[in-house]
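Remarks on the structure that follows.
Per-chain residue numbering starts at 1, and chain names A, B, C and D are given in the order in which the chains are listed.
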Amino acid sequence: MSAPPDAVVAGEPIGVAVIGAGYWGPNLVRNFQASDAFRLRWLCDLDVSRAQRVLGHYSTVQATADLAAVLADEAVRAVAIATPAGTHLEVALAALRAGKHVLVEKPLAATYEEGLQLVEEADRRGLTLMCDHTYCYTPAVIRIRELLRSGELGELQYLDAVRINLGLVQRDIDVIWDLAPHDLSILDFVLPEGVKAVAVAAHGADPIGAGRSCIGYLTLKLSSGAIAHVHVNWLSPIKVRTTIIGGSKRTLVWDDLNPTQRIAIFDRGVDVATPGELGAEERREMLISYRSGDMVAPALSEREALRTMVEEFASSIHTGRPPLTDGRAGLRVLDILNATKVSLANGGTFVPLEGAA
Amino acid sequence: MSAPPDAVVAGEPIGVAVIGAGYWGPNLVRNFQASDAFRLRWLCDLDVSRAQRVLGHYSTVQATADLAAVLADEAVRAVAIATPAGTHLEVALAALRAGKHVLVEKPLAATYEEGLQLVEEADRRGLTLMCDHTYCYTPAVIRIRELLRSGELGELQYLDAVRINLGLVQRDIDVIWDLAPHDLSILDFVLPEGVKAVAVAAHGADPIGAGRSCIGYLTLKLSSGAIAHVHVNWLSPIKVRTTIIGGSKRTLVWDDLNPTQRIAIFDRGVDVATPGELGAEERREMLISYRSGDMVAPALSEREALRTMVEEFASSIHTGRPPLTDGRAGLRVLDILNATKVSLANGGTFVPLEGAA
Amino acid sequence: MSAPPDAVVAGEPIGVAVIGAGYWGPNLVRNFQASDAFRLRWLCDLDVSRAQRVLGHYSTVQATADLAAVLADEAVRAVAIATPAGTHLEVALAALRAGKHVLVEKPLAATYEEGLQLVEEADRRGLTLMCDHTYCYTPAVIRIRELLRSGELGELQYLDAVRINLGLVQRDIDVIWDLAPHDLSILDFVLPEGVKAVAVAAHGADPIGAGRSCIGYLTLKLSSGAIAHVHVNWLSPIKVRTTIIGGSKRTLVWDDLNPTQRIAIFDRGVDVATPGELGAEERREMLISYRSGDMVAPALSEREALRTMVEEFASSIHTGRPPLTDGRAGLRVLDILNATKVSLANGGTFVPLEGAA
Amino acid sequence: MSAPPDAVVAGEPIGVAVIGAGYWGPNLVRNFQASDAFRLRWLCDLDVSRAQRVLGHYSTVQATADLAAVLADEAVRAVAIATPAGTHLEVALAALRAGKHVLVEKPLAATYEEGLQLVEEADRRGLTLMCDHTYCYTPAVIRIRELLRSGELGELQYLDAVRINLGLVQRDIDVIWDLAPHDLSILDFVLPEGVKAVAVAAHGADPIGAGRSCIGYLTLKLSSGAIAHVHVNWLSPIKVRTTIIGGSKRTLVWDDLNPTQRIAIFDRGVDVATPGELGAEERREMLISYRSGDMVAPALSEREALRTMVEEFASSIHTGRPPLTDGRAGLRVLDILNATKVSLANGGTFVPLEGAA
């Protein structure tokens, strides 16, 4: 990607506006304010009093309900969008057309096709389009990516993610669209180069009569032959956020709710040696062995993920290189989400993915 | 069921023999020895030295490799079988034909058809046929059954079971046949009367090249509309044995590895009230509410499950009533296991169940 | 306490200044800004650039290094002091003399005598003097106070508090002065009326040669005959914040690091019935019995303690009643801290307390 | 120690008798039966029916109430004593005088003086006198000993042990004599050579009116300047068995109730570098630094401690070398227990130890 036409001069803070003062917007406001790379100018919400409440009594940032005014502000070089997914296309497209770099809360858009429009528009204009896959910027996930890509865990054999909690039953989307993007974006982020998801099967359940799935199970086939499984659930009285990543050398357990031991790397597993000239059955009996080694819990920083995300946005704007979680990453997640819809409608059969990107 | 022809006189110990001195047999030996209801006479194994090793230097119990001699011993009124599943049909049939009451380790037999033969043979002869679904006799599962059947949890909405560990890769069966019988027998045991599993879908993976699935995911549809999901895994470096049982009133979490808090009952969840005359969308918005109440961890005894199981076997023999986990319960589990095979072969589609029993 | 001369009109925000922009000050800044009861006007620090950094680029609050100017501001009715303990006397006295209500970070002062001066000065002037014993305003501690004072736990038998972590080795105070005030202020807060600490014994250790105790153990005798023990430690690689509160009816475990189960109330314990006319030894044997009942983990709100503390400060200013953690409570904590010094110097003997207040 | 007169020929099982069929005896019975190094001949208890119940219906071991007959049996070369502590002197002395090697349950005897008699008697006769400090033979404690003695943890700085539970209130001894011997024997076992306990201070409480301490806190000074603290408690509704061992290089946490991670070694702590020519205060400020490194949980076997203990007893008998937990180790524990009595009577002052052995 060549340098964008309106390349920002390194060192000067980038004028930024946050659109949407609901659940996620305040986190963006706080992190843009804390970053020397940005200067927050606007918080925009259709309900301007909500924007004012978020800013509080002591802020010099301007609250507004007028998106056009924000986009017309030349000092605004970047826009962060935290509005409902159904509005992402319209708002992001307007921002891109106004020449702004754009950060979009997950999911990138309401459909794959809409997401594709955004990616193509940003490409055409040489602007940064970034998806706020926040978890990818946690110290834990960054470390997992390193461990998988460096080969320290060996080849990925399986990934099992559980993300359950007593969650707000959303009005517009089911639990899969609400929670699975976290796990799917993490999967996309940590997979070794060359490996990608190729098909997905989904089961859902709505046992409370909410009108949409409140429990979801996804099974993904990866191009390497490995399997990934995601369990999302709005109805669980206990909160679990645990992912097991089985590698041929080591297996990693990420427990995001255990602050003192988020990542545990086990030198424990089953080995199957490559046999010589024995028969198939004999080979198996003889060549399976078990490792029962130590566990290492690496020290991780407690850096806030959003802070790192915001810096990556700045860095992408300054250098013109795509951010780690660019629009295409958001598109790959949408691809899987769309396929789960088809699978749910078909009784849980595997649905092949576009293989976008 | 009428009283068996060779009805045992209550009060006198029942002569018993254990067949199989491998992994499970020693547990049966220990528990039959500790029970006043039984008198253990034989431990039988094709490898008689293995049987002798299990008995040790100090035992008056006889070791033998001669099953026929055991079955010919008139003092033996009951036989407990802990041999590989593939031999259950032959050994149990011989025992039933010799007029012995029979306890069989799970799974009841290698196939549904073989299991059916055993059930019918026992019926014809008026003998007790019991399946050693050990977990059903733990204080925790007994309590769960009471809570579900009494309505204290409300209607069952979902059940999610995880049973993963670094387990021995079996030579003859995959992880689903090895571990899922535990969860399926528990499900069968705790379901309220009138509710049963009607279909199952399964995904499996063999990422280490073991020749059979080492990871399995089952999704079951219940006749009530509820969903059950089972995750079994031989490759996990961490051991998890947690089942979440969502009810319309309360949700229960059973963590079998937490001895001080095996069962936690949460008054926490999502309610959907029945609406009056509002439109569908309004109803949903207005009528979903959240409970965030206390959690109660009931005191449970630490009684060994096998001890209770052995007593249930004695009681069934004495009274002639079917044991809580009778042959038909074993058959229902086999039905589901067979259906998972079909589902695995068909790419994970739902396979209807016989609805056995 | 009569209404203070400069009684604040309810409803109007109280002008407030925060003194000290170090570790704790920013938390006060954030919470005063979030409270409608206050209007934050100044953040004062000898290092004005530090104050500016805390406020950030977007704040309308004024940073200053000039305490006199702050105290001269008539719109400032209250002052919150978060400077090192050694400066509390001077700053708080100046504020009281300027007619300001005062909130002081724990410990109230560097010595018991200094604390007493502050209490007497505030009394004389009819001003609120409040000690920021933050933990007392957590939902958990508020609930513990209710449970102990209402008699639901029965009579207090023992309290065992552990507060250990890899903590910053302070330059001016030892681990007892750094961490134990938390536990001592909680103890003071939850004790049933009429019960108070009467003596303390202390052991300390400085195994790293830091020049002051890095490990401390306090044993307190209460007027009711109960015992309290506090373990504080800067050198522990694991963080533990667990307090066990044994009552004659129930025992409570507060684990502040378990967000989903901070409080667990156990109906489990040892009962000793009152005997009739048996001999002493027989009585004991016959009359000790064990309860092994359920555990209840009550639902608690996740309200931030500082928010509640700030409201209590406002309420005390508005009504003229002493705050829940007033200067006298701070003084009782100082009394114990002073006595630990004596006990440490005397090899761990019990030192009687003033019984202040 | 020279070879005992009745040296046992290696390879032939050692005839052994267990005295006492109460709480601990059955464990010894089971482990002697499982060991090829021993042949169990007798289980002796004043209440012979209790001994018979322990042996069950199937055992070839003889039950008896006649200690003299056991000691007269020439095939009995060793005796294991699991009777109340008050009887240890009499029973063990009789056994030694009959030429038997002796294993004694902890504590070695009811008083230091009685223990000394046993040690001297065994010495005179060249017989093995071993104290069953079971915990010292757990894989965890063996590893801790290696780590401390090899210097891998650096110099021992502090040890903090918590052993609390809802325990049986004993009739004859207080909680310190009941539970602390475990921790004191472990401390004795793992201390680097040349380091020993030199003084102990104790606090106790009997809040239920049991007639003896139900809660105890011990503080020990070690010859190296390090500190050890032990908290024992019969009244806690939760079970905790955690020991923190702070070293100058690494700190170890042993959680005996966490089977999957009993030992965690933290490369996390506080370093104080040796200064050059700075002033005392400057040195401290400049030279304290914090390590925040990885944690390693070494793989440990799950071998039963009693099995290893029984083997050590056999090995000592065969070779004539003192066992790892010999009578002198038992004596050092008694020394500390006796000193706690004095300290409790004196209000918690430090009491110097004999420095036995």
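One rule holds in what follows: a contact is a pair of C-beta atoms (placed from the backbone, for glycine too) under 8 Å apart; a residue touches a chain by one contact, two chains touch by 3 or more.
Being a predicted model, the structure only gives us computed values, none of them experimental.
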item: Least hop count linking chain B to chain C through chains in contact; value: 1
item: Furthest chain, CA centroid comparison against chain A; value: D
item: Whole-Å gap separating chain C and chain D, where each centre is the average of the chain's CA atoms; value: 40
item: CA centroid of chain A to CA centroid of chain D, Å; value: 53
item: Shared interface positions of chain D, touching two or more other chains; value: 238, 264, 268, 292, 295
item: Chain D contact footprint on chain A (complex, rising order); value: 261, 264, 267-268, 292-299
item: Footprint of chain B on chain A - complex, ascending; value: 157-158, 160, 162, 164, 166, 169, 171, 201, 203, 205, 207-211, 214-215, 217, 219, 225-227, 229, 231, 233-238, 244, 246, 248, 251, 253, 264, 266, 268-272, 280-281, 284-285, 288, 290, 292, 295, 347-350
item: Residue numbers on chain A that touch chain C, as the complex places them; value: 33-34, 39-40, 56-61, 238-239, 260
